[in-house]
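In the two assemblies presented below, chain A is common to both, partnered first by chain B and then by chain C.
Then we have the complex of A and B:
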């Protein structure tokens, strides 16, 4: 922001832009966190679910007599029994034209449609007893043919998973922008094409999914303690499907141990737990263990993309075309739907570049595997891998340096506002600044020289670049317009207590990413108090303002702006009172460090605790009609743009052992523009964590299925999450282009790392392999795949 | 996941442990470091009725140099092997293997005896036992029984251990200075079980020949696999290339999530080449 005049948020005692530590870090490190599993309520019971061992099978009979008699068992409930207490849902959004899905029950009623679908619930005194009893249940199954290959899901010979839907097609969308046919027909066009695969994977949270539901029959109220990102959305869901009014449901999120989008969806076992609590009139807890989490947490990114690009010999990119196919499991996940990822691919491919033509199509099909849905950076890592993969192929085809071709085609930094050929509106991005900063940070020229030198010694290193855009801060155009009760607006409340401290509450939530830290910084800055004097409450539908929660990197941009406005409003209220007490005009006063000061001289006039004392305990000494509102609430939602966009550039430097196919990551760089950086430490943590998750998808993580639909990588011994030992140093740089939609200017930083990392790694590996004429485009880039590309196995 | 119910017995003496094994037979399981057994219990892959905890039997731990052998008690933790000067000096191959086992937290509890008795085909220590011609000391109520490592590993998680017996110690012959060894493995992540590993040893004198080579691969079959054809080729005129070719006969690796059999064969050849270079280097 250098050069621009100081704004209200840059005042001398501003916390904006400072690496303030998380207020909750010490508590969590000291083991005083309160995750759902830590909570114990009187008469609490535990539920374990019997899950389908088959990808697709009819339930002929469930024999649960022995389980019902087992020690500690309180109730055994089948899917059919539960269905009487809990209505099914259909995961569609009206604005995604043609999207269809079948009614999904909290537990399978007649038929299980994926391995891991809950079939029968056992409620017992302890989880161990519930598991013991679940092991005694016998189900008579009639196995049905499983649809597992998305490539053949629409073939006439393939069975239709939900006959009522007519076929296995969930959604299809094609978008054409500009004139792609003319661009590909350009006489100077060189056309490159390739098929990319992004491997199905999932987000592995430290804390598994968990819920403790407590139906209180006396009050007719349901209190749900849940590890979720979206408490208000879940309030609606529980109310709707358990036949309650929203006001009868309270959702509380204490500490949440990571979420990454995994915990923003409606899970059958969690809704079933709430229904069981209502049936039994007592608290019921469910904590997904790692093994059931692997088959029941949403998966993501199971895509095959055929793509091509046209480029002129002078390096001008002309057009891109992408044909995306994705398999989403047997149901579109409720309520956000499983069409969004493919839809994002259509929206985002080619996004950083000036093109003359663009055509993208997504085909979303059903299959008998774990449902897929939104996971950190929804669709972006896919779109970026394809786009940046094509750009590198184009550069190779015309013999141009990968950095140079990007420089020539990225949307100029002074071209905004503008609209992409896919219809995305960009307020202001900084691709060129980010790329220039990236190349400088990594010392691109030196790495190229080193690469060339080492090649002579048989050491094969690669450099991969990836420019990206990242959609954040969605307006109601994301979900609300499609009929989902998912708030695009968030509120914040700031209250001055008599001791001069602030109690603040927000509709956005804390998952470990530090939202509460930035909310405290913003409130402290807006009001003018030391940040230590701010206490933050999030994640309780009963006490926080209504809001959407945490997703699409919206916490800082939307929740933060609401907090800023609430803080400024409170400050105005405080200064009105202070003006009366000090017989000064409020405009001549300010609040700094928790003290009302003279704005011009900075001279201290009145500590806030004194103001608080007088207002709360000696109001009789104040003018009779003086307003004395020491609480302010403000709401904010984006209005100008359907989505905010951030951007950035990443680079990977790595070495491929061409004898073994193993990849060693040597360095990773990310320069991102999240608008106003509220807390550099937290932004960098978000970027690093995101990069690691992106690298996970590129190199390690893979939900591998047998042709029969059995998950083969179903434990953390086989599903390889990225570990610190393999991670390179990740260097983060910032460019700040604040959004002008809000006073805060924050755009969001939670997903940028994940969006660009796989593309950077992909391009770096292929850069290393180039002398061998080998190429890998199917993630994860495993040693076996690299050796196969090299023709060594 | 929670384990199925089990009874727990903390043995105060070997006799108590043998009593429990006799009484409960197949239903009893020894508990050493628990780093393999506890996950198996939690996954309900193992559902023993009784756990017999031998961690209190101090006599089963310890590293001692006795004449020409290093005797290592079954309860010796991986971390203790890692820190041992006796191991570093006399069994450098073993010293090189241990840091490649799992992660520090697991090495601080996991035991030599547990690893040998479990006989995971991808584990380092059984392969080292073969490569170093170790002797497994089994103990039962009737006393000790010594089994050469080459006779001990029988099949997938199958050993020569008889009902009522436990592994008391492993004896490794002291390696003379001209006997060189190395342990190389390829794992996707630091600490993972190897996709393919190789414990290699040979006698190296001034002439650049590898005499009496031992090539023990792990992660490539149901047990650690001694590559006899490759060993013969390596000692013969064909050298490394012939040995690599001979692996075709020695190894019949399985396919798994990492890749097809030819992937492991290829990696085994690469490791053999690298090990030979190390031994000669």
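Then we have the complex of A and C:
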């Protein structure tokens, strides 16, 4: 009726592409957020967990008598007691062939497998009293040998953490594309090789993981207020492991103080809290404090990669080979599994380039450290650091400029659709456009000249480039086909209220990205009302359509498309009623600025509040058989491609003090193509936040363990995060190649910044160090590592 | 020794009398006993700045000060500073510039930034970065926060001097 669907987002008064401020921001700047720890319920109790002080130890006995008598204590529950109320889980996905893991309980039953695993729970009137009592519990431990070094995890001499599994191998996958052997044997090939490390690090959400579980025995219902990215997934998890039907569980997710993938997993202490509420028949709250967060939030990116590339002297890249090893802790995390990160490395290395041969292998091993799992940009920062590191090594080996070698080898912008040698299908990417725009924004030639000039004065600056792809909008091929109840589909409901305003609800969630803002923009645009008249509800399994939540940059691409379709459907319903009221054919009408107008002339015919008044209160005046549905719900899931892909390019400009090893960041640029940009300001802020998270891993953040498996960087005094003083201004540019799978065309922007930043920083540092013949490839690139590379310590 | 200490203070301009556990942090007192949940707790060891509040005209970390130390003190939190309108220009700029994502760092960030603008009407970007160097934000990457503080300074005091 209205021409091609795409025109619906380009219509008059469209909010698509406009930097509208977020409706929920005002509340947050006034200190009126509602994070889980801000919520209080009648009879609410608090739980503190006693955690294993050992990386691997058998529990011989737990002496809790004194704790049970301590002031304020309501109940002390051991892992064995809790196991009677809560079933264990196994974090595997069937499509990741061979992936294995052991059953994991909410609290350790016989044996603790990492330092920080919950062992015993104390529920008390206050958190302080619960902690006091937990300190009175004595555990008789029998220490067991800890497996901490992933390099030796598979050696026959190394103890097997879970004897039932036979060995410490969780997963292995090897993929060969094209003919890597022939490419490496090419007579003209120059082969470069190196070993890269990405340091184990973690998300450090400013708000710790938090949950308030409220079992109501009279209703037999569990209401869980949780700081999570995936309320519907958690509904399933609580139901399944507490012996409830999904319909008995409601998960409510109010404000979330940062998540970045950290809060999309199933955590033993959180499931235990829900079980404790059910056991006690009263609300129980758990908020992870910083130090317990550091040992119990998932870690990520603990990888060692041996890699090589073949390049011809004319700059043609021929092949890449990557051998990845990663340690994931003692369990594969439920339900997404801890094999996905390594699997992504295999999928993504070499991704931006035309290659003739590709071989990649990942080996995923168990160890007695905090479990690792998906964290913002899963696998991408690793794959990009290796790929872009190899490209720079190749450029150096043949004496070519790093920008030039990329220009020669990036997949041409007119080559799509195409499939990478790793089997990834690309619908449409824009590497060359992005790189060209990046070089122009940063004034590459000028920076090169400045770098050369300053070198003469003993000032060592470096320029690092990184091109990348980013996987977004996963279809059921990511988790669903592996047997996990993680929805790849999301729904949206749009309702017209009598006052002409819209109440909309979505299965995707808000953790600060601006999800609610873009959903409001889309609904306002689709229906044709001012954006101020849209109210958005997310994060409540009871009132929103079913959905997967917000992760893998899927909020805009999947949740947004569902909202667009729901809005268009509602508009059709409204115009049917308006047509009857105005004696006009619906296709001659439109809705603009909250008013039904004549489509051709724009003349105002009927305000929506008048239509609302008549439909809701004076339906008697409308034709008897007129449909009058003023609510529409639509769902959307990607069907044509297993994943959407975005792409982009980043650059870092920095200075290395060769006396101290300190790195000073001078500027960072990112050009990304996230398809249709719904709100440029929000996209740019996603990029900037992501870039700094990537820089954190590249320069500072590191979960350092002793050989016995003790975490040595458990506080923010030891685990360094990026602070404002060290961070540069970050310049963001956009290229838009909308996906044709959806009418909206949005591909997602949440992870691009993190995907490329470490590689850009790595290449810039090595560019600065090049005159010294020095190079660092193990993140984080600390002053000590830089000085060691320079041979100064 | 009595574990509990009687204190009288004003919080956001209102008189408060309380008996507090000697070990209770100021930020826990505000959050748990006065329901002033706008001040947040991010580390409880003085690094993140989420708990930044104003006590007797100085900004302090609410997790490094005990409630028992606040007898006779004048305490201002994000709630009170919002009501008086004192930080309205900063709040306006933070919203307009999207200088917050999850918002968890924001109250502390605003209280710290307000103190900077009280002392130095026209700070440079470097100075803003430096001043806020003790307030951790995981979401924004800081750039937008620096922009917003600059914008608020311009709104309050005119464009920065060259």
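In the analysis below, the second predicted complex is superposed on the first by the 787 of 793 C-alpha atoms of A that agree within 3 Å, B and C clash if a C-alpha of one lies under 4 Å from a C-alpha of the other, contacts with A are read in each partner's own complex, and residues count from 1 in each chain.
Here is the rule we use: a residue touches a chain if its C-beta (ideal position, glycine included) is under 8 Å from a C-beta of that chain, and two chains touch if they have at least 3 such contacts.
Because the structure is predicted, anything quoted here is derived from the model rather than measured.
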item: Touching partner for A:691 - first (chain B), second (chain C), both, neither; value: second
item: Which of chain B and chain C A:511 touches, first, second, both or neither; value: second
item: Chain B versus chain C as contact partner of A:31, first or second or both or neither; value: second
item: Partner chain(s) touched by A:787 [first = chain B, second = chain C, both, neither]; value: first
item: Contacts of A:725 with chain B and chain C, given as first, second, both or neither; value: both
item: Partner chain(s) touched by A:660 [first = chain B, second = chain C, both, neither]; value: first
item: Contacts of A:713 with chain B and chain C, given as first, second, both or neither; value: first
item: Of chain C and chain B, partner touching more chain A residues; value: C
item: Touched partner set for A:704, first chain B, second chain C, both or neither; value: first
item: Which superposed partner A:128 touches (first chain B, second chain C, both, neither); value: both
item: Chain C-contacting residues of chain A that also contact chain B; value: 126, 128, 289-290, 715, 717, 722-723, 725
item: Chain B residues within the chain A interface of the complex; value: 1-5, 43-44, 186, 188-193, 195, 257-260, 262-263, 266-267, 270
item: Residues of chain C touching chain A in the complex; value: 21, 23, 31-32, 35-45, 47-48, 50, 77-79, 82, 91, 94-98, 100-107, 110, 125, 128-130, 132-146
item: Parts of chain A lying in touch with chain B, wherever the complex brings them together; value: 126-128, 131-132, 135, 289-292, 659-660, 662, 700, 702, 704, 712-713, 715, 717-718, 720, 722-723, 725-726, 782-784, 787, 792-793
item: Touching residues (chain side chain A, partner chain C) in the complex; value: 21-22, 25-26, 28-33, 35, 37-38, 40, 126, 128, 203-208, 255-260, 289-290, 511-514, 681-682, 685, 688-693, 715-717, 721-725, 727, 729-730, 753
